[in-house]
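Data first, discussion second: the structure below is written as structure tokens.
Order as written gives the chain letters A, B, C, D, E and F; numbering starts at 1 within each chain.
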């Protein structure tokens, strides 16, 4: 399935922290920047996300701000 | 001012397309990936965003999904 | 690729309206409800979205509100 | 009060899971699909949301992606 | 209908700018701050939004950042 | 750094509630309205957010709905 969300940034999971209903997944991208993602713990379990996994951080364009 | 949004990805503007009320700003980040941002044309004008500007793509963690 | 966004609702595209940088895509789901999606015109073109296409409306759980 | 958010999908709550500050509310819609909503525990309490309630999942159009 | 989105800020519409598929609605709140909202032109038409209307700017809590 | 997010509402923090991975920060704005923000506990710690702090609630325009 192809997705309309246009932004897919490759990286490696460096941390998974499971909360009560939400989880934090930290992804290190090519330039060393850490991109944090807050998703449901259900997604973490279904996708079996763990440190070292090669993943994409995916972001809908309307959610991206610009700082200058 | 410090901002709670945790994700700041450095890049260079490669395209600014002005629409009727929204604008597309494309940012090339370190690994060559293009990150698209849809913001108001008012922001583009106030910040004088143009091709070649060094900027940050800024994203609230709750807006980041994971693909694997 | 598997996606962390947990909500995928099946439907059929009933309208595609192309704007200057954004587009509206209307999707009729099983109970007849129309779900509107505002995405970039770039996505509409890349995915060749058109009336009659069977698609999924995909929504990150943190974006869903409850009305009662 | 009328709301600008255009997407209102009718359903029945099948699960409420209270976390530390966020809660998960699962809603089964007409075709059997489960739509998950992550909202504050304050909203769950104020609205007295519980399994079996007839509710609407409400989503702003800019938050809806398309998968094909 | 009661809504889970917890933030409702009272104000008066000072500008409505209709784009191709999106519209900008500017709302002046009590302290004089302008809150801008980007919604579909369909919503502007259905709700007959116009300058001078007393409205609420409504925001889901997960969408609010903090600057300090 | 200047930010494209156009909405900045001044206020005072009245509550900080730390969850497992997310935190609630309540901000009282000029007219007495409480604006709730759900951010990561990492941001609360990094910014040392506490009751009494003068802050801004910051919201991207595409996240603001209108109620009438």
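FYI, contacts are C-beta pairs under 8 Å (C-beta built on N, C-alpha and C of every residue); 3 or more make two chains touch, one makes a residue touch a chain.
None of these values were measured; they are calculated from a predicted model.
K.L.:
Name the chain whose C-alpha centroid is most distant from the C-alpha centroid of chain B.
P.N.:
Following the centroid criterion, the farthest chain would be D.
K.L.:
Which integer distance in Å separates the CA centroid of chain E from that of chain F?
P.N.:
Centre-to-centre distance between chain E and chain F: 17 Å.
K.L.:
Counting only Cα atoms for the centres, state how far chain A is from chain E in Å.
P.N.:
It comes to 30 Å between the two C-alpha centres.
K.L.:
Centre to centre, by mean C-alpha position, how many angstrom separate chain B and chain C?
P.N.:
Taking the mean C-alpha position of each chain, the two centres sit 23 Å apart.
K.L.:
Residues touching two or more other chains, restricted to chain A: which are they?
P.N.:
Within chain A, the residues that touch at least two other chains are 1-6, 19-20, 22, 24, 36-40, 42-43, 47, 56, 58, 60-63, 65-68.
K.L.:
Graph of touching chains, which shape: line, ring, star, complete, other?
P.N.:
Per interface graph, the chains form some other shape.
K.L.:
Output every touching chain pair, sorted by label.
P.N.:
A-B, A-C, A-D, A-F, B-C, B-E, B-F, C-D, C-E, D-E, D-F, E-F
K.L.:
Help me check something: in the complex, which residues belonging to chain D touch chain E?
P.N.:
My answer: residues 1-6, 37-40, 42-44, 46-47, 56, 58, 60-62.
K.L.:
Under the definition above, what is the set of chain C residues touching chain D in their complex?
P.N.:
3, 5-10, 24-25, 27, 29-31, 33, 35-39, 43, 47, 49, 53-68
K.L.:
Along chain A, where are the residues that touch chain F in the complex?
P.N.:
Those in contact with chain F are residues 17-20, 22-24, 36, 38, 62-63, 65-68.
K.L.:
Can you name the residues of chain F that touch chain A in the complex?
P.N.:
These residues of chain F touch chain A: 1-5, 19-22, 40, 42, 60, 62.
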